[in-house]
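These notes are about the structure you will find just below.
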Amino acid sequence: MPDDVSLPIAEDFQPRIIAFFCNWCTYTASDLAGTSRMTYAPNTRVIRVMCSGRIDPQFVLAALRKGADGVLLGGCHPGDCHYQAGNYKCLRRFRLLKRLLTQLGIEEERVRLEWIAASEGDRVQKVTNEMVEQIRKLGPLRLEKIPTHPNGEAAPAPAEPMATATEGAVS
Amino acid sequence: MKYLYYPGCSLKGTSRGYEESILAIFEKLQLPLQELEGWNCCGATAYMAVDEIKALALAARNLALAEQVAGNEPVSLVAPCNSCYLVLSKAQRHMEEFEDIGDVIVKAMREAGLRYEGHVHVRHPLDVLVNDVGLDALRRAASQPLNGLKVACYYGCQVVRPYATFDDQHNPQTMHELLKAVGAEPVDWSLGTRCCGGSLTGTIEKAGLRLCYILLREAKVRGADAVATCCPLCQFNLECYQGQIASMFGDEVDIPVTYFSQLLGKAMGIDERTLGLKRLFVPLTTAAV
Amino acid sequence: MSELKIVRRIKYQQELDLSFGKDVAATPGGEDLYKCIQCGTCSSTCPVSVYMDQTPRRIIAMTRAGFKDDVLASNTIWLCSSCYACTVECPKSLRITDIMYALKQKAIAEKVYPRNLPIPVLAKEFFSAVMKTGRSNEGRIVARVWLKTNPLKILSHAGLGLKLLRRGRMSIKTERMTGGHDQMRRLLDAVETARAAQPTR
Amino acid sequence: MIMEKKSPQEELRIGVYVCHCGANIASKVDVESTRDFAAKLPHVTVARDYKFACSDPGQELIQKDIKELGLNRVVVASCSPQLHEKTFRNACADVGLSPFYVQMANIREHVSWVTEDPELATRKAKSLVAAAVRRLAFAAPLETKRVPVHPDVLIVGGGIAGIHASLILANAGRKVFLVEREPTIGGHMAQFDKTFPTMDCAACILTPKMSDVKNHPNIMMWTYSEVEEVAGFTGNFKVTVRRKARYIKEELCVGCNDCVEACVLKKDRVQVPDEFNVGLSRRKAVYMPFPQSTPACVVIDPEQCLQLMKGKCAQTCVEACERAAIDFDQSDEIVEIDVGAIIIATGYKPFEARRIAEYGYGKFANVYTTLEIERLVNASGPTGGELRLRDGTTPKVAGVIHCVGSRDRRYNPYCSNVCCMGALKMAHLIKERTGAEVFNFYVDMRTAFKGYEEFYDQILSEGVQFVRGRVAEVTDWAMTDEEKGKLVIRVEDTLVGVARRIPVDMVVLAIGLEPQADAGEIQRKFNISCSNEGFFLERHPKLGPVSTFTDGIFLAGACQGPKDIPETVAQAGAAAAEALCLVDKGFVEIEPNTAWIDEEVCSGCKTCIPLCPFKAISRDEEKRIAVINEALCKGCGTCVAACPSGAAQQNLFTDEQIYEEIEGVLSYA
């Protein structure tokens, strides 16, 4: 972000992070982190989906627009998808999403995609902590600071989730 | 790849023969070593006990100097002394691993006008000879092969412990391979990496000499004509205390203790004086050679 | 026949320093101290444990339990020759050699090392030599150490010294750095300052 | 099937139940404040906290509220839905509320157990509750789908686990396919001489079960076969099996071994190490692994057989076989089977002792593994049961080293569970067979099972010397005259506190258990998970020890983690019962999380069609829209995420539900 919009980050800034975890691997790993009593930063809110392939990029955009400072996506390792290849679909969309975010003036580091297997409770802990640290460094997401479009209009600030940029919906 | 030579204090003192033979064989193999200008003591293990960070800072200065000389070129800092090899490697690793150590050293170096980015590759000559020069080149250079000289290859500790970077930690083979390439016959023994006592020989003599005794006796039991070493302190301990060991344990343990590089040099036809072989207390009996 | 002697062996909790283990665990390489399962691999792989009054395994156990005085008074830490055999063989990856260094440092700092033990003296001699010349000269240092701790030894080793001199392996002339001596001293001084500025160490 | 509604039609009356889970949640999350917070959320009729929501009184409390307060939605803020979602769904269904009107908020695994600060934990719990409440507004009273189940069961691996599970299922009248990749069933147990703690002969108790398998009319025993591919889902798996060419007509061979006698590979140096005797003897190109091999049928090793390798051989074996069972033209056969359930019992791999250089295995002739000793003391083993050193002499002193490759961060950090008892058995056998002095070197003695401590007591009283200490090294250099020519064990006797050197003639390494080398491949093939060390992951460490995260696939034996025979057999029985439970029920209920197309919105762009891994989407050419075949849809939602017009939706995970959840968590983050 340009210098003029970066404000000092408050000491007590608690990043708000939404995590979309697939039911079979990452959500289970997250449960395992719990049963193993691995403490980690309390900033993530996990939303369960059956497969990372279900994660519509619009969910990510909606989360950021509604006040999340970062979004974490979690799926099964390549080759391990419960539905054969949903995670690959997710990866493809994720790459495009990152480009889109950059164009919107949002740091791409605010979104992260991780493959975490059901046995990797420790990775949930590690990735969550890293993600929180990363977002802390970036500071709160201030969408009103998004630079204006080249044609002088403000960047589209989607009003309804369903109305967000359809280019997010790529397969 | 640039090769800088870090002699360390011993190679300028008690183990002159090591320096002489190392420089001579590298010259012969057309990989002349350039001595690092302005180097200081590596920090050595004895000092670690008193002030670890200072010891590591001393090592770090050498690394910084090497990096400075090399500019942007990748650089190998060749340290023939096991102890220097370890301390230099340890400084590098500790600075990466322990943030507080790294911070202090980086800050102190800045004060002293030094900078280290971590690009120096600390190497032992065994590593360089096997992996960069290659056994074939050694074989070609061996104009007077050692004809089955039976050698107990003795690596000591710190070249494989705790960081086994270029050889197997439990069963190192680089010295074996080099000496085999020039016609020697390494004996089968299990003590190649057992400690020689290090500085204990000078501080708690009885404990130190016992360790030397075990090594020398076993080398003889296994029928070795000579022990080959790759560390100044090992060579010193094993050679210079043979008299005391004999009287302390009532057992003759006279056996030549050379540097592996001296044996390589001999096989290359370099004369004994140049190789520092004349500096040995127990002369290398050339009967077998 | 010898006389029957009895000594109180029980340890009362108040005789222990319960933070000792944590202190040692906080030093570089000490981080896995509490993972030790007391298997004794360190003691049996140690080539010097022959002479140790406490095996390395016991040193670990005692350190964890806070037997600070006994640990620092043990000859074990001084017999360690830094061969790293225990460190690489430990099934729980404790860096025992580094822990021994940490214990030596603590003993020196608290001045509880055995009087006749030349190691701390050696270390000091070593340091002053390096400060003076940037190099160490083993022969000279060892001679000075013996002079301070056990002068008789010099006589018994005089022959060795002469042999070394004759073969050009020891010189009367002192080896010196070829430059940068001031820089090195500046560096060591700066370590003091930088360390003092650090909150934890 | 009722499609989900776009927006709630009826008035919402939501009940929120915040569970304490004893102290598991309440010690970190302020449950009272969470309850009060929930009570103020829109549409919440009642909010309560309760000690154990999953208990009977807890469930009754919810049921009572549904009846008395007219609740039509329920939020339970407790543990993971993986654990108790079913419990609460059933509780609500019992009193007439659609089970899909229940929403869990995971405030235990995701909050109280992973958060240090109680205040932040409470905040997190509240935001998850808020999200659950909001999400419910878009819930629909779906119906679960029933799919018929194929009654047959596949068991992969013919060791004691697979054998036991097969027999149970077959005795229950189920048809079982038992697939084993070796030429015989029996697994590692067949290689053992005796079994602890009773010391009964392994063959005596195993071989009757092996022939039961062979003769059971309900068991299709396919040895020398491997599973190639698995498709389908619980209740209806389609499995492809490769039956490797044996070059023997199995139905003709009677195991007379005449062909083995006749095989031209006579010299030891052209023969290969015998796998069954762990390399202690050699075998020919045609061989039978061991006398009681099941099936009693030889096999030809195509990498040894001159005829198969070079096409040139006198074929003395063919001549010798009276029944003309040898068939060099055989090729691998691919078979497809349909099964309703699968039990994986692929076992373990013994730790490779060479990896620990300090113990000198492979370097010193008289260092053995426990498996080798099993073969050496076995009457049908390479020495006919004589325990001799490699030079033919009898050991006078032996050392048994425990924990080889186990409890070691450099190799396997876990305890292999069976080696302590195995090492005690070794001590007993060596003493019994040779009268040698035996030393056992252990780190911690683990004999925790019925009759095991008594076995330890027995071995102690037999005079075996126990040294508590992990051996650092087995070496061949002598310090004393006594040590000359011996193997020297360097160990600290930790109970005495001194280092010792103990000279012995024989060293036995009690090697640990590792996952099979191809466990990763099996894991992917069957779509199950592995734990960090590579063993297959059970669904729940306590309450789902033989289930996997993939419904219909169960685990038995050491493929799930190191275990001994009693535990393996118990687990095999449990897996068989679980499989039986599934196939006997006759149907599976499928979570109704399938996708559907809103016909009015679909533009017929076909984006979704190629995305579906199950080919469940086709195009209705007449209406020019996409159609989802509900029976084929597995509910991943990939098509939903991709639909550019929002026509594709997924039950239980509609866009609205997820947006509500997003807003919900952020409204109180």
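Note that the chains are named A, B, C and D in the order they appear, and that numbering of residues resets to 1 at the start of each chain.
Rule of thumb we're sticking to: a residue touches a chain if its C-beta (ideal position, glycine included) is under 8 Å from a C-beta of that chain, and two chains touch if they have at least 3 such contacts.
Quick caveat: nothing in here was measured; it's all calculated off a predicted structure.
Summarising the inter-chain contacts, the pair of chains with the most C-beta pairs in contact is B-C.
Averaging Cα coordinates per chain places chain B and chain D 50 Å apart. If you average the Cα atoms of chain A and of chain D, the two centres end up 33 Å apart. A separation of 22 Å divides the Cα centre of chain B from that of chain C.
Contact of a single residue of chain C with at least two other chains is seen at positions 50. Contact with two or more other chains is made by residues 214 of chain B. Annotation for chain A: no residues touch 2 or more other chains. Chain pairs that touch one another, listed by label: A-D, B-C, B-D, C-D.
Against chain B, the residues of chain D that register as touching in their complex are 357-358, 475-479.
On the side of chain D, the complex with chain A involves touching residues 80-82, 106, 108-111, 113-117, 120-121, 123-124, 127-128, 131, 523-524, 527, 529-532, 537, 541, 549-550, 593, 607-608, 611, 613-614, 634-638, 640-644, 646, 650, 653, 655, 658-659, 661-663, 665-666, 669. The touching residues of chain C, when paired with chain D in their complex, are 37-46, 49-50, 54-55, 57-58, 89, 91-93. For chain B in complex with chain C, the residues that touch the partner chain are 9-10, 12-17, 37-41, 44-54, 57-58, 61, 65, 94, 97-98, 100-101, 103-105, 107-114, 157-158, 161-162, 164, 169, 193-195, 197-200, 202-204, 206-208, 210-211, 214, 236, 240, 278-281.
Those residues of chain B that touch chain D in the shared complex are 168, 170-171, 189-191, 214, 218, 221.
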